[in-house]
Amino acid sequence: MLSVRFHGRGGQGVVTAAELLAAAAFSEGRHAQAFPSFGSERMGAPVMSFCRIDDRPIRTHEPVTEPDALIVQDPTLLHQADLLAGLTSGGYMLVNSTHGFGELGLTEFVSEFRPERLLVVPASSLAMTHLGRPLPGAAMLGGFAALTGAVGLDSVLTALTERFSGRVADGNAAAARAAFAYVLDERKALTDA
Amino acid sequence: MPQERIKFYQIGSFAAGNRLLPADLRSVQSLPERSNALTCGHRACQGCGEALGARYALDTVMRATKGKMIAVNATGCLEVFSTPFPETSWQIAWLHSLFGNAPAVATGVAAALRAKGRTDIRVVGQGGDGGTVDIGMGCLSGMFERNDDVLYVCYDNQAYMNTGVQRSGATPPTARTATTQAVGDQPGNTFGQGKNVPLIAMAHQIPYVATATVADLRDLEYKAARAMDFHGARYLHVLVPCPLGWGSSPADTIRVARLATESGLFPVFEAEDGEVVGASPIRRQVPVTEYLRLQARYAHLFRPVERTETIARIQAIADRNISRFGLRAESQNQQNPDFERTLASASGVRDLTEG
Amino acid sequence: MTIMQSKPFAITLDVGTSQANKTGAWRTERPVYQDLMPPCNHACPAGENIQQWLYHAEEGDPASYEAAWRQIMADNPFPAIMGRVCYRPCETACNRAQLDSAVGINSVERFLGDEAIRQGWQMSVAAAPTGKRVLVVGAGPSGLSAAYHLTRLGHSVTIRDAGAEPGGMMRYGIPKYRLPRDILDAEITRIVEMGVTLELGTAVTDLLGSLKPSAGGTADADGFDAAFVAVGAHIGKRVYIPAGDSARILDAVSVLRGMEDASPPMLGRRVAVYGGGNTAMDAARTARRLGASEAVVVYRRTRERMPAHDIEVTEALDEGVTMRWLSTIARVDEGELLIEKMRLDDSGFPQPTGEFETLEADSLVLALGQDADLTVLADVPGVTFADHVVQVGPDLMTGHPGVFAGGDMVPAERTVTVAIGHGKKAARNIDAWIRGNASTAPPRHQVAEYSSLNTWYYSDAPATVRPELEAARRVTTFDEVVGSLSESTALFEARRCMSCGNCFGCDNCYSACPDNAVVKLADGKYEIDLDYCKGCGICAAECPCGAIDMQPEPE
Amino acid sequence: MLRQLEGSRAVAEAVAMSRPEVICAYPITPQTHIVEALSAKVKAGELNAEFLNVESEFAAMSVAIGASAAGARAYTATASQGLLFMCEAVYNASGLGLPIVMTVANRAIGAPINIWNDHSDSMSQRDSGWIQLFAETNQEALDLHIQAFKIAEELSTPVMVCMDGFLLTHASERMDIPEQRQVDAFLPPYAPRQVLDPADPISIGAMVGPEAFTEVRYLSQARMLQALDLIAAVMAGFRSWFGRDSGGLVRPYRTEDADLIVVGLGSVLGTVKDAVDELRDEGLRIGVLGISTFRPFPAHAVREALAGARRLVVIERAISPGSGGIVTGDVRTALAAAHVPEISTVVAGLGGRAVTKKSLRRMLRGAADGALEPMSFLHLDTGLVEHELARMRATRRSGPVAENLLRDLGVTASGIG
């Protein structure tokens, strides 16, 4: 079972992102479970959401405390104490940023993990380019597909087109594709190195 | 528009009916075939004004709807004296749920009828003043605000009679109840606006709001029937004296209600879409003392010494109503242009104005 | 306890089941419908059931008008005459006077009387002929009334009168401007046509000679079983007044009678009338109509003490008749009278003051009252007299068995209506006497007081109708002082009746019962359902006419 | 048809396919997504029903009462304070025998106010005369609503479908959404036992005195006992129509040969099963008994399922202060006739406190070793309560407990435990 924890701010579509990931997995005939961190947070407040993906029914309803992957939609959250808590060794992390981990002050943290599994992707700027709005969710999922292979890009695109329609769907799809390509290149570079 | 009064010298415009009127001009209560929605054998006190008011109102609605009517009743005297197991006095489809939810239950019935396409069946909610102005106020206001297709009738006897005459939001100033000061310098209920539900109902801008009493049957019937001309939320506030709680003689039930209006203490009017469109002028104005003296709940105003200042304050309330609603006593003739027509139609003689 | 199978137990009930609960057991008092005596009926000398005929009249169609008229005829055969000459004690007594103004009973009666004449409604004799014969002496209101009632009772009646025309004082005492003769004739004719034998110009000289021995008769010339004597009082009283040779002095009765002759009496331009009764008013008003520019009534006392009915005085004043109160006539000369002024002493009697003045007058008409001509009974054994009138018992029988008397010749107020009442009363008692049993006068109900009414239910007379009513009541023509009411106005008046003490079917009790314990019957009447009546008394309190009485439950 | 859906929306689908005629609700977290979805369906014309926005939960249940009495299939949903606010009408609906179906998105009751999940709300209404069904998964929540209408209308008794707030209502999961025709075939149109009809009038809601009140209550008890058979039958019928197990009375999981059986209700069972599987792998003879129908309480089924156990752990998602475990009491009564094993009550997951597999394992191991107290609280911050207890011993007037604890905790009540 793959368990993912999303971090972002209220209004950034963190919950939607988790649901989209679940939908992508579902479209591949797998079992998935997505749910928010149940709170009364308002716009701007730090929020979490969770997603589990498995080949058999998922029975547990506990929150994800030891994620196999972290998706950080807002780098300004990185300095929160337990943001990165519980990430399993060999786990994945994708951060929405135009800066490298060094600039983000995570050099020490990332050093304990496999480098090709921890990446940054400029999801917001990609979203601005393709969607016209700084909503990084779709791009992050595209990047996540490329990073982990947990779900295929097509599945992500399917989820997006099921959830959205028209220009929003197209914009998100484009952002996802772009992020997918970006991350693929980054990984390639890292694995080759 | 103010209703057409049947002008009749001998019978008078206020009697239930008479043999000389064509059937369509007679009051519902004068008809042998009236539906008696509330039939005999009920356990109301002798001279119960509420039993009277309920039959008046519902029989009228029954006639207006050709019997297609469902009534929802709040807990209270009316409910208790009409349906103690194993007997019911109702002869209509009737439902009692709780004290404070009659308007909402009525809304539910109306919604069900709408869902089933049976809008030919109309819904009436009813309750006493406690169930209406106090515990039921929230549901009533919601029903008004959604403009649900319900006529709600409040039978106002100005206190919680069912539980032994405790004060309600409709209890008038200085009236003594089991929960107001019994003695002292200002016995009875305190002065103030009280809770004027007809005005509160008007503030919701619902299609129709009216007040009436059991003393003027034709007016009450006109208003209950008029209410059925509208769809949406309607409110009818009927003053029903309670011999037990008011300390009046059972025989005086109608008389006391009449004096309430003739003194100006209970203004009888009707409003459409939040605006007053008509008020029943006082026929022969009387000082409030004539009304108060008949009721033991006001006895402290007259014994051991007459509290003239307090009585003056009550008179002031009546005077305010009179000026506010234009109830100035006047001969009915002025407000009776159609006298000749009704006389002619009532007797078959030629129109007086011809000769 | 009923247990419902189909529906949820106890929570859901079958409609109307409470009728099994007989709440009548709660009752300590029960309502009882009653018929009280309305004050109008109570005050009517002719005993008319006024409330009842108004009840018919107010229905406002020809059939009901006839029903109303026949209700009057049950007690009084002269509705049209009554509608003109009755002094309306009924309206004086009317409870409605305390609410706004009395019901115009008299106007309605007149409308009905005139309607009857217009429609030619007749009275038939229902009773089987008794074979008995009754002699009525005098064709005045009393005699005609008696004849009418006796005829309806199945007796054969003969009226004998010395006069040339029937009607007595109605013809010879009441001016035609108050009572047109066609009206008078019509109502008398209707009685005659019922089979009454009318013998005019026939003075009765030997009463007993015409009676059977069974009736104390002597000769049995005509074989009458009983006699009713009502010759009236038409001899003008005279007093001694010093007078010059050429002074012109007449008496009122002769003047009024003279109005029926071919050439009316000559009274001159200035006429003085001496007296304060209705006859004095009639004389003064007649004088005006005969062309007198001045008609002065001279009376010893004040207006308050005048025996004349107020309405007559008012009408006289309206017509320009002048009054001289507290005055006596000391002497009469040609063209002028000497008047002595009077003053009332403590006991209210007029006393001379010694002050004199003169009053110009071409003639003086004496209206000082009338005396009855008692000769017809003078030598009948057993009959007694006092104060120039015949003494009779409560049954109007004189001291001579079988001989009855009534009208102005017996002690009573001298009005047409009282006379008519006597006729009815005499007829009832004569009938009883002939049949040899006691009179069957129905028991009188308690009078319905104003306080027993709930007047809130009676609306006020609309302003739109009053003027027409007033106009109709006002003096308008020479021919007839009071005009007739239009049908609708008469109907309006009829409907102002409050039906005091008698149910008129307003449905108030039926509708005001909180326990549905008043049953409306097919005939429009009501019945209390004692199974459910809790005895609250609302029906009695809200009955407009006080026709319901609360009575203690029987122990 | 399989779909990945949020629990609330799935329930809305099920309710809509059950063709309710009147829907009335007042918004309260975490019930909102359900009625929002239904409202949207009505507005869009996909669902032909009357949707009423009322002014309170009390009015919501009252409208449902009127609608049901007038012969309409009526539905509402609420949670927590809302359920308590409509409480009087909740009792009235069952007393009048009106087959209303209500979703309760289980949430704690204040004070202190708390929007997160536990079972305090449903438990407070366990004596209301309503049938109470608890959903373990969103699939079951969906299925139970379809069954609920059938059960309610068959018995003329209202049914409460209880699903954990947030944990289920807000969780997106894969579900098999039935076809409308399947639901139509399974659930016939509402045929009321009694109905307000001017053509055939009756008086509903009489005042009943001592002479018949006991009988009325006896009959409602009898009706609840009938419900046990009916619920089982409806579950069977549902299986044959829809090809899957949902609802029923109880859910035994690996209880055969189990010495230790965990008893619980609702979504926590999933996490418990994961823990149990691991403990089985580690050689522990342990099983789970899920109680799907809490009212009427399936005493017989519970007794049978627990017959072989030597030790029981009852997980309580609510507490009856001063008494303890509510479910425990019913289980104990159910077993009274038979042999009574050792029973431990574990109060867990109050007010949204997460129940993790890790903590369950620790607790169950302790239970297996006989080290578990008869009554304990999972994840209890002992230091915190000891500190407050000490404070209270020191000064009588020490202010509201909740605030004091939070002050000590130095955090807001948000986030996960």
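Order as written gives the chain letters A, B, C and D; numbering starts at 1 within each chain.
We take it that a residue touches a chain if its C-beta (ideal position, glycine included) is under 8 Å from a C-beta of that chain, and two chains touch if they have at least 3 such contacts.
All of these numbers come straight from a predicted model, not from anything done at the bench.
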{"item": "Top-ranked pair of chains - ranking by C-beta pairs in contact", "value": "B-C"}
{"item": "Whole-Å gap between the CA centroids of subunit A and subunit B", "value": "68"}
{"item": "Rounded Å distance between subunit C and subunit D, as computed from the means of their C-alpha atoms", "value": "92"}
{"item": "Length of the line joining the C-alpha centres of subunit A and subunit C, rounded to whole Å", "value": "115"}
{"item": "Subunit A-subunit D separation of Cα centroids, rounded to whole Å", "value": "34"}
{"item": "Multi-partner residues of subunit B (at least 2 other chains)", "value": "83, 85-86, 88, 90-92, 94"}
{"item": "Sequence positions of subunit C contacting 2 or more other chains", "value": "1, 10, 13-15"}
{"item": "Chain-level touch network, classified as line, ring, star, complete or other", "value": "other"}
{"item": "Every chain pair meeting the contact rule", "value": "A-D, B-C, B-D, C-D"}
{"item": "Subunit C residues touching subunit D - in the complex, by the definition given at the top", "value": "1, 6-15"}
{"item": "Footprint of subunit B on subunit D - complex, ascending", "value": "21-22, 24, 48-50, 52-56, 58-59, 62-72, 74, 88-89, 92, 96, 196-198, 201-209, 211-212"}
{"item": "Subunit D - residues contacting subunit C, complex", "value": "95-97, 156, 193-194, 201-206, 208, 211-213, 215-216, 219"}
{"item": "Touching residues (chain side subunit B, partner subunit C) in the complex", "value": "5, 7-20, 26-27, 29-30, 32, 36, 38-44, 46-49, 51-52, 55-56, 82-83, 85-92, 94, 217, 243, 249-255, 258, 283-284, 331-334, 336, 339-340, 343, 347-353, 355"}
{"item": "Touch list for subunit A against partner subunit D, complex", "value": "18-19, 22-23, 26, 31-41, 48, 58-63, 65"}
